[in-house]
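Below are two complexes that have subunit A in common, paired first with subunit B and then with subunit C.
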Partner chain A sequence: MASAKATINLKLKVWRQKDNKSQGGFKEYDAKNVSPDASFLEMLDAVNEELIKKGEEPILFDHDCREGICGSCGFMINGNAHGPQKSTTVCQLHMRVFKDGETLVLEPWRASAFPILKDLVVDRSAFDRIIKSGGYISVNTGNAQDANNIPIPKPDADEAFMSATCIGCGACVASCKNASAALFTSAKIQHMALLPQGQVERAQRALDMTAQMDAEGFGACSTTGACSAACPKDISLINIATMNRELLKATITKKEEHTGGGDG
Partner chain B sequence: MFDFVKSTVGRKYIMGISGLVWMGFVLSHMAGNMLILVSPDLYNAYGHAIVSNKPLLYGAESVLVLALIVHVTTAISLTIENRKAKGSRYAVSASGEKASTLASRTMGMQGSVVLAFIILHLATFKYGTHYDTVVNGVQMRDLHRLIGEVFQQPGYVLWYVVALILLMFHLSHGASSIFQSFGFLERKMQKGLRKFAWTYAIIVVAGFLSQPAYVYLLRGK
Partner chain C sequence: MSVKLDSKIPGGSIDEKWTKHKFNMKLVNPANKRKHSVIVIGTGLAGASAAASLGELGYKVKAFCVHESPRRAHSVAAQGGINAAKNYQNDGDSVYRLFYDTVKGGDFRAREANVHRLAEVSVNIIDQAVASGVPLAREYGGLLSNRSFGGSQVSRTFYARGQTGQQLLLGAYSSMMRQVDLGTVELYTRREMLDLVVVDGKARGVIIRNLLTGEIESHEADAVIVASGGYSNVFYLSTNAMACAVTAAWKAHKKGAYFANPCYTQIHPTCIPVHGENQSKLTLMSESLRNDGRVWAPAKQGDKRTANEIPDAERDYYLERVYPSFGNLAPRDVASRQAKYRVDEGHGALGEKAVFLDFRDSIKRLGEDKVAERYGNLFQMYEKITGENPYKQPMRIFPAPHYTMGGLWVDYNLESTIPGLFVAGEANFSDHGANRLGASALMQGLADGYFVLPYTISNYFANTKLEKITTTNDAFKHAANETQNDLNKFLSVKGSRTVESFHKELGHIMWEKCGMARDKAGLTEAISKIQNLRKEFHSNVNVPGEGKGINNELEKAGRVADFIELGELMCRDALVREESCGGHFRSEHQVDGEAKRDDEKFCHVAAWEWNGSADKTQTRHQEELTFENVHLATRSYK
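Showing the complex of A and B:
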């Protein structure tokens, strides 16, 4: 290798837990000769190869696209969700942000609604169930119609798009002292509340998604802002304001449903 | 509607509304008490005017007591659920740009001290020693004399300062949070909101603190 860049050595304190039932604990590992250009997950890959060579269990972590767009990866590095750098997923975090000789504490997302499966992997299916409760529109779309047939004010389109960038990684829940899923749920609610396609089920969606959020055992929002600060997609707290407003409006204005046709 | 009140979002509305009642009260309480800096007679006459207007007094007292009970019990129920939702804590806490403010993370602790302060404050003043005085021929309570006595005690003044500084943090976080809880928050408001909340909290607490400071430092001896 022609690279003149100096490699760094790190100490890792990693949460190891055999399965959901077992008691977990920290174990120390050395990450030697780490290239500053490596991503955090590539660094862990190298540590895992060493572990496999020694016949030890590799450290389990979730990952998929490694491009920062799928929402699969994520764990705590020294108490920060996805590590110290803002607007970044852990797969897009590079080792150049760390100093030689640093000790890094790696922990899984901690929330009662996200049970730990093994090591740094947690079960985030609670998010899937929140989506299933109303994070969609029930129309058969057929062929996409001409975009210009659906007028959407530019500010609404921009705001909806920003909400839609949520990748559902769970960093908001992980960084919240109450393990609240308010930022995630509200991003989905605001995304569809701002677009014409979302209007028909708008009130029901707010009622159902917030009910599911509570049913999953997530906490309440204390407005600490930790979620938005940790969010790799910079989802704003204004989404939570929208969710609260939508739920209040839906509670007041929700029409009763009638089954069957006219009975007169 | 019952589902709304039970939901986490609904209970944040309840926290906000009950908090707002007290935000209005502390501001007016502070403003009225500034009369202590003007004259003892004016201060006593102001107090007498309030307690003489029974419908206003009992009406305001019942709204305040109700709001306080609702605020505290809702806070307790949310705190219990939030702790359960978090389960276990991290070995290391967040730092740098991803850390949240201490004031926002310790609302429960601040609130507990403020509650203790309210109870002690009522015991000291409202239900404290009753002195009489006559202002313009009207017999009334000499609250000014009691305040003069109480604020000569350094221990009480110190406790007052500590409790009010915690109240300042509590109010600053509450005053900005209600905009999000009530659903009024807009992107363009975000920057100004913290300034607004801190201005409000500092005005209330600086006003309150000027009163014992005036009595202790300038009126003493």
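Showing the complex of A and C:
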């Protein structure tokens, strides 16, 4: 397959930063004889092998499945989250989209809620804390009724699924000028709001998850839609509209908290 | 059966063993549960579901993963589906049929009692997943949808488009995060288990490397669950994620847990073919594609024309031809072998190492929209990787290492040969025999975590006197020192070869000599090559950087060192097993290209015992397998 295709040469300007406390900066590298069939990360692997042979530290980036589903990888290529191709994580980006002689600038996600750990790797644990604050349905193992007891209209199930395909990569935050996590948070809120199983905790979930999102230091939604445009899974802006509606409804209908009395 | 390999299969008929056993196992009262702690290594389907369920019961759980978030565990990448004997389709499915299909699919090398339990709890898994918000595919009436998978003639596979693993993992992950919120589960990310700590013969803790700081941490507990996945990355190129490793299981093995059937590996028939030397991993195209895709190879030898140029009369739909009753849904081991034969005999697609997977007829029958609805994301993934549009021309596919049926030996309670060490999911050897059927890995991971371990671990606590210990115990200090010494050694070699180059060389040996076909001469040669490779690794590896802070190369070095030792054991296991069964195909033992088992000599599990050093040959133990329900027969899909 493709054995005869011409290879290309690229210049890379890569953000290098030793750790969270150190000052970072760009360093230039050559990527030579790159096969157009290689993935972007395989191109970086080859650059790293050369660095190791020269006794230098390889460029660090998060990655794992290399199939676009685990959400580990992600950095800016020439200012675009995950690079120039739509609906594509950087591990699924292939070198055939680049031209010989191009210069590529690689930078980590920039957001104060995503501190840089090293080179292109950032700490996205804020996302886990948002899920922990309410991105679940409280059902213990062993309590479930037969799965077909509650029919779910196919359009609802399909739409819930579309929201649930978010891989938590952080491209939405990185491409938002406010570094907002609205798309990520809203996708989980919409996923569960659409399902009958998610109804009991629906209002509280919206309140808790948005509160956690703010507490993590993510900015407000910029309403520009840059997040959805950069999303490798095409999570729609409708999720954010849903979140705003859910939050409004939950806030208005929130019951006063009662204290004391009654229980004996 | 050696003394240590007591499978502890409960008495009674096959369909009442688990029910009776659940009643006979002892319980721990709620107030005492709080006093017991469990460590869970790995947060994929098995680990996350176990951590969540044990947390819900009230145990103190610590969960560890190598990733920055538990949601990134490799279960996330499973595509096609999860089996369950719901019989929602009214097509003749039952718990017994799922049990039967799985025992037969495993080529009669799995334990009947375990497989039956798996089939029983399969129905609860679907209920549990839906209750926790997993958006499985539905029909217009609002009920759940099913598709077919290989090795079965009923439709029992539940799915969420091509992202079933992702959706089930996010379900288990969210249940676990709820327990983190409630304080019953403590989550430790970017942590790798580098040793098991055994005190008074029982698993009592682990040594962990913090992958961010490089610090070595000690954690104690009353029981340890290893749910760290499989070892396909021993082949270097596989469908597994880059961080998938045998390390956690291997460290436990070196502390006394037997390793069972290491030579049982699954080579998945439908993967995107290798494109070049710098390739880092292979990508699976879900088996579900064989529901609507037809597999074929050029009928003429050396035919290098593109698919669309080859007329129907010159196409060999070989699976339909050789296996008329199962056709394109022949099980994985069988389908992979047939693809290999086509290529070996000069019928490769475009003259290369590949065959075609063609959707032309389904697109004609169903329309492009319907095909896109079923497999859209897979088609998109294929196009991204190859630059070719599978709606217009057939996919090209070839087998690749995907799953490992072998793993740490466990008894019926999923307890290893070290008391207090439990093993779940792909990391154990228990349910799939010599070949796993499609859509059964997700089922097993969740069965172990949600429905088996919560019972058997309680029983262990109720029956075992556990002294209170702390990490100041000498066993912890000793293990932590050893771990640090090993890491320092990797850093101090300062040789001339990268870790990656050793891994590639190992993978090449394994694929050539211990891959889809194996023989005595090849395996013998592989063992000596791997021994040499191990020596060279420890004297000539180049690991840059230092032990403090993030050091990816140091992490990889440890994993590759373990893979090298495992590789030798796999070859040894394959060499001794002089028969063909499932994914283990010894060229000397075949009938017309099909696997020929030797039930007289090999109707047993082989479990290997570490003898203290990589230089010493491991000891092989046997657990005899008895088949009282599904009778031993030659497996046929014709």
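Quick note on the criterion: the second predicted complex is superposed on the first by the 246 of 264 C-alpha atoms of A that agree within 3 Å, B and C clash if a C-alpha of one lies under 4 Å from a C-alpha of the other, contacts with A are read in each partner's own complex, and residues count from 1 in each chain.
Heads up, the rule we're going with is that a contact is a pair of C-beta atoms (placed from the backbone, for glycine too) under 8 Å apart; a residue touches a chain by one contact, two chains touch by 3 or more.
No experiment lies behind these values; they were computed from the predicted model shown.
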item	value
Partner chain in contact with A:S22 - subunit B first, subunit C second, else both or neither	neither
First, second, both or neither for A:F161, with subunit B first and subunit C second	second
Partner chain in contact with A:I240 - subunit B first, subunit C second, else both or neither	first
Partner chain(s) touched by A:N9 [first = subunit B, second = subunit C, both, neither]	neither
Dominant contact partner of subunit A by residue count, subunit C or subunit B	C
Which of subunit B and subunit C A:L248 touches, first, second, both or neither	first
Subunit B versus subunit C as contact partner of A:Q199, first or second or both or neither	neither
Footprint overlap on subunit A, comparing subunit B with subunit C	none
Subunit A - residues contacting subunit C, complex	1-2, 18-19, 35, 37-39, 41-42, 45-46, 49, 52-53, 55-58, 60, 62-72, 85, 87-88, 92-94, 96, 117-118, 121, 123-125, 127-128, 131-148, 150-154, 157-158, 160-161, 164-165, 167-168, 191-192, 195, 197-198
Residues on subunit C engaged by subunit A in the complex (per definition of touch)	49, 52-53, 56, 67-74, 76-77, 86, 88, 124, 126-133, 135-144, 160-161, 163, 165-167, 170, 173-175, 177-178, 180-181, 187, 189, 212, 241-243, 273, 275-276, 278-281, 283-284, 350, 352, 354, 380-381, 384-387, 396, 450-451, 454, 498, 500, 542, 544-545, 549-550, 552-553
Subunit B partner contacts - residues on subunit A that touch it in the complex	13, 26, 76, 78-81, 84, 86, 105, 107, 110-113, 159, 175-180, 182, 207, 210-211, 213-214, 217-226, 229-230, 236-238, 240-248, 251
Subunit B to subunit A touching residues, read off their complex	1, 3-4, 7-13, 78, 81-82, 84-101, 104-105, 107, 173, 176-177, 179-187, 190
